[in-house]
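A, B, C, D, E and F label the chains in the order they appear, each numbered from 1.
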Amino acid sequence: MVRFGHTRVLCTASLEGRVPVWMRGQGRGWVTAEYGMLPRSTHSRTMREASRGRQSGRTLEIQRLIGRSLRAVIDPARLGERQFIVDCDVIEADGGTRTAAITGAYVALRQAIDAVLPGHEQDARPVTGMVAAVSCGIVAGAAVLDLDYEEDSTAEADANFVMTDTGAIIEIQTTAERKAFTRDQFNQLFDLARDGIEHIVGLQRSALAKG
Amino acid sequence: MVRFGHTRVLCTASLEGRVPVWMRGQGRGWVTAEYGMLPRSTHSRTMREASRGRQSGRTLEIQRLIGRSLRAVIDPARLGERQFIVDCDVIEADGGTRTAAITGAYVALRQAIDAVLPGHEQDARPVTGMVAAVSCGIVAGAAVLDLDYEEDSTAEADANFVMTDTGAIIEIQTTAERKAFTRDQFNQLFDLARDGIEHIVGLQRSALAKG
Amino acid sequence: MVRFGHTRVLCTASLEGRVPVWMRGQGRGWVTAEYGMLPRSTHSRTMREASRGRQSGRTLEIQRLIGRSLRAVIDPARLGERQFIVDCDVIEADGGTRTAAITGAYVALRQAIDAVLPGHEQDARPVTGMVAAVSCGIVAGAAVLDLDYEEDSTAEADANFVMTDTGAIIEIQTTAERKAFTRDQFNQLFDLARDGIEHIVGLQRSALAKG
Amino acid sequence: MVRFGHTRVLCTASLEGRVPVWMRGQGRGWVTAEYGMLPRSTHSRTMREASRGRQSGRTLEIQRLIGRSLRAVIDPARLGERQFIVDCDVIEADGGTRTAAITGAYVALRQAIDAVLPGHEQDARPVTGMVAAVSCGIVAGAAVLDLDYEEDSTAEADANFVMTDTGAIIEIQTTAERKAFTRDQFNQLFDLARDGIEHIVGLQRSALAKG
Amino acid sequence: MVRFGHTRVLCTASLEGRVPVWMRGQGRGWVTAEYGMLPRSTHSRTMREASRGRQSGRTLEIQRLIGRSLRAVIDPARLGERQFIVDCDVIEADGGTRTAAITGAYVALRQAIDAVLPGHEQDARPVTGMVAAVSCGIVAGAAVLDLDYEEDSTAEADANFVMTDTGAIIEIQTTAERKAFTRDQFNQLFDLARDGIEHIVGLQRSALAKG
Amino acid sequence: MVRFGHTRVLCTASLEGRVPVWMRGQGRGWVTAEYGMLPRSTHSRTMREASRGRQSGRTLEIQRLIGRSLRAVIDPARLGERQFIVDCDVIEADGGTRTAAITGAYVALRQAIDAVLPGHEQDARPVTGMVAAVSCGIVAGAAVLDLDYEEDSTAEADANFVMTDTGAIIEIQTTAERKAFTRDQFNQLFDLARDGIEHIVGLQRSALAKG
């Protein structure tokens, strides 16, 4: 269970016996993610995707992002022909659910892989680094880290940064919500994100140490 | 959050502005329920219904049961033209999720109605009684209350009882799993269930008292 | 074709070459059921499920019930790795369609198995007993057997009993429609059902004798 | 219930209160048809369309054809703003289900309209003529009327003719199954169909006279 | 890209490695077609089928017709166990899209087969003839070839003829739009179509000669 | 029709009478986009989304991006209660389809709005600026503009920039494909994108001038 402010996301990783059909027989593994929100995790109730009969574009977009972020620090050849599915279910949403999900999914995946494939030497580990994510945005002209729902709904721009523990970039998504913004403002968001991720990586390390 | 042994179900009730189309203009209210299981709530991961694109027959059956059980203690005319939706999401499943859901859903619905329609005199209350449910079964020939996953998978028969606080029957579902059973055995299940429900109603009263 | 009063259900059993994927290679057979209502079988036309694009919760619930009831008197190991599908299509509905379907489905399944696997000694027969079902309910305070549409819509409680020819219980479903009822009333329903099933088993025997 | 040889189709017409959305407020009526096959109507069991979650292209094609054929003899302005839905459900299929359905659907629709809108003078009747249909084909080089399943599966060409009681053409569909055929052969099919339809119109008149 | 007046259809044929499941291991090939319209190909925008989540009955009907027409001039045994899919996408629609699609699909398929299976002797060619199609109709009592949208919407009858280069019939579909028509009128349509197809076959020959 | 190298996208904007339900009665307009690929636009044939019955996550993600980008330069209050839908259909895909689509969609939308709402003074125009997009990536360590399919499949990182004619940022999406990259490399991508967009805005101006 990851918690950022009032946002709470339950992340669990499961080992699936088999990789997807298009990967079979190559000896390589796969990591994928699924994302969902409980209907009452939001301020006003959202319709249940299972009863609507399909996942929204937003849901698909987020679970693709989580999967890509995790795979960026995985060496598929070292995984063996195994698939891990990481489920990220939002219990309470107050901004930044996708970045919280990535951050928690990494910890869950790491623990699951360590349980299934223990005792690897440093240079044979399937997990080749750490990955964490933060959301930030421009509110009233200023760059702000980790917006809550209130701030998010008045933000002029919205950004998600996914980076490794060494500060390398895995994914950046920035969107102008109300008006286009400048490169200068973008750079402020970047600085803020880099510091935020450094802090979060520390929290991930503690969580992993505790087991 | 209701917990019966290792089974944990998150129940929340939401007020929807409008009743279903087929009820509009009649001045009466409606209560409905939705049920879901997180993919990792079960011992081995279950496929997410939202990504499969439809709810299983089991899910639909359970949410219909929860809805019927709740409506048995609701006076729709006193609700006014309002709809309440109760979401029951299973976080961890270890047997008896549907009866845990009914028990928790009642508490969540009661609190939501009290919040929206406070201060009613006894005889104008939309909620006309209490409802609780237990599961039980026949294991190795003997009637057992509240089976866990282990017991459930070896049970010869499986039963769910939904009753009011005064011991009146709202719904009974009994199924022979391995072999047909006798009326005598059924009566033992009934006795067990009646006592179990009495106990649970006490727990519901405490939860409601605490608010 | 089963007929109970004005309710008419067409039941046919078909041999499918293969069992479902999850059962392959175990040498055991499977029996499943599908249920449908012609749009005009009801008093006012019901929308066709094929054109709505999905089966309702009620349909899924009923076909699961029929399947479970039939499997209760089948020894899967003696069937061999074969699947039988029993189709129950309601041509005219006037109450009690699910219990009529179970009753007719048993006869159709028995005939189909006898045709495919003839000449078994008593103790090697795949069909280990008989199964029949009745609906009953509480109308104006009194227990009544086999409700028609008129009675059904004013019933205070509604019950379906599935039992074997020896009076053992396979499935009981009872629901309070308007108000919760007492254990005493439930016992009256049970007595009525047991007698009703005895009568129906006699009719099934005649049908099977005629072939 | 229409019967052509071993083909049996149950046709019923229902009055729906309202016309489709795109026709509202124009004072004109609408006639539509739905078609379905019971899974066991065919020689080997066909999958139920409701459980597959969609109607096949063949089903949609046939119900569009039935609807067009019926509307060819309906004056929508005289119907008033009403919709009739004709359900054609195949109980047993042995070739020619679509033409049997059109023939039976006409009788069912005519009876339903007469019941709802009785006593019209000749020149104000919503039903402006009669419609009937036959199937025919080329088997071993010769034109044959009303093919059964056996013949149909070896036919070189397959044709459906929908005509009025005065011999005017409403719809012709001809398909080469094995090899292209000549205009001469087509004309033989036409002659055969015209005679067949004359005969069928006589049967429809008897059915309508009996009520 | 086929163009008939303002109707433009993009036809491409692709080799798929494998035949459909139900044909495997028989050494025979298969040809199928898919049809779609760009939302803005019509005068007023049509809803995108991919976003509605299903293909309309009309689309399914047309792609089945294209597939049947192509298979009428294919010898499946000579194709080998290969599947060709012909995509027909309407870029601009002004009447007669299905007949334009058949005409263009034939050219695309022929080119694709020649590329994949070159150098066959005359009597071993998988493509055994030519196929072309025209639409025509009765406008103001007169038979007219190749109706545009304007004419089509006022036509009394509508017909599609699919024929070989030797004038043999593959498929005829004729529908009365406003009123039933006579056999005489039908024969005029037929004459017109035969001449039209002769002309189109000439155009196909030129296109194939150019490559 | 926009063309970038071998990528060709057909963009058309249509006026829909009505805004989505949730916006009615507010006097404001809406712009949305739909995206599709012809099955044969890619090097090997892609399955048709209409026949699979749903749009992929990738398609939904892209059409959401196009819609957001267009809305960033639209003043909804000046549009009036009207909706414009921009269809972007990929005829041939060779990398950068989403950025080509945005660039072409802007031109199509601008032309459609000018046709429907002509003669606005500068300060009342619904379109408040220009929007264009480019794709770029890191190939063999170096930043490269407008990758083709070949380059794209070997790129270490992939980026899409959406900017206004004044160089303000509307959306940035960057993804590490093979390995995480540095902020320095990101800045090189940014420089390249800014210059590319300047060039493209010039091409858009020419296209708009020609009409």
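Keep this in mind: a contact is a pair of C-beta atoms (placed from the backbone, for glycine too) under 8 Å apart; a residue touches a chain by one contact, two chains touch by 3 or more.
In this text the structure is predicted, and so the values were computed from the model without any measurement.
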Each chain counted as touching chain A and chain D at once: none
Chains touching both chain D and chain F, listed by label: E
Angle (degrees, nearest 5) of the CA superposition of chain B onto chain F: 120
Centroid distance [mean C-alpha coordinates] between chain C and chain A, Å: 49
Distance from chain F to chain A - Cα centre to Cα centre, in angstrom: 26
Multi-partner residues of chain C (at least 2 other chains): 53-54
Complex contacts: residues of chain F adjacent to chain E: 10, 12, 14, 16, 34, 36, 38-40, 44-45, 48-51, 53-55, 59, 85, 87, 89, 91
Residues of chain A that touch chain F when the two form their complex: 54, 56-58, 60-61, 63-64, 68, 72, 129, 157, 163-164, 166-176, 179-183, 186, 190
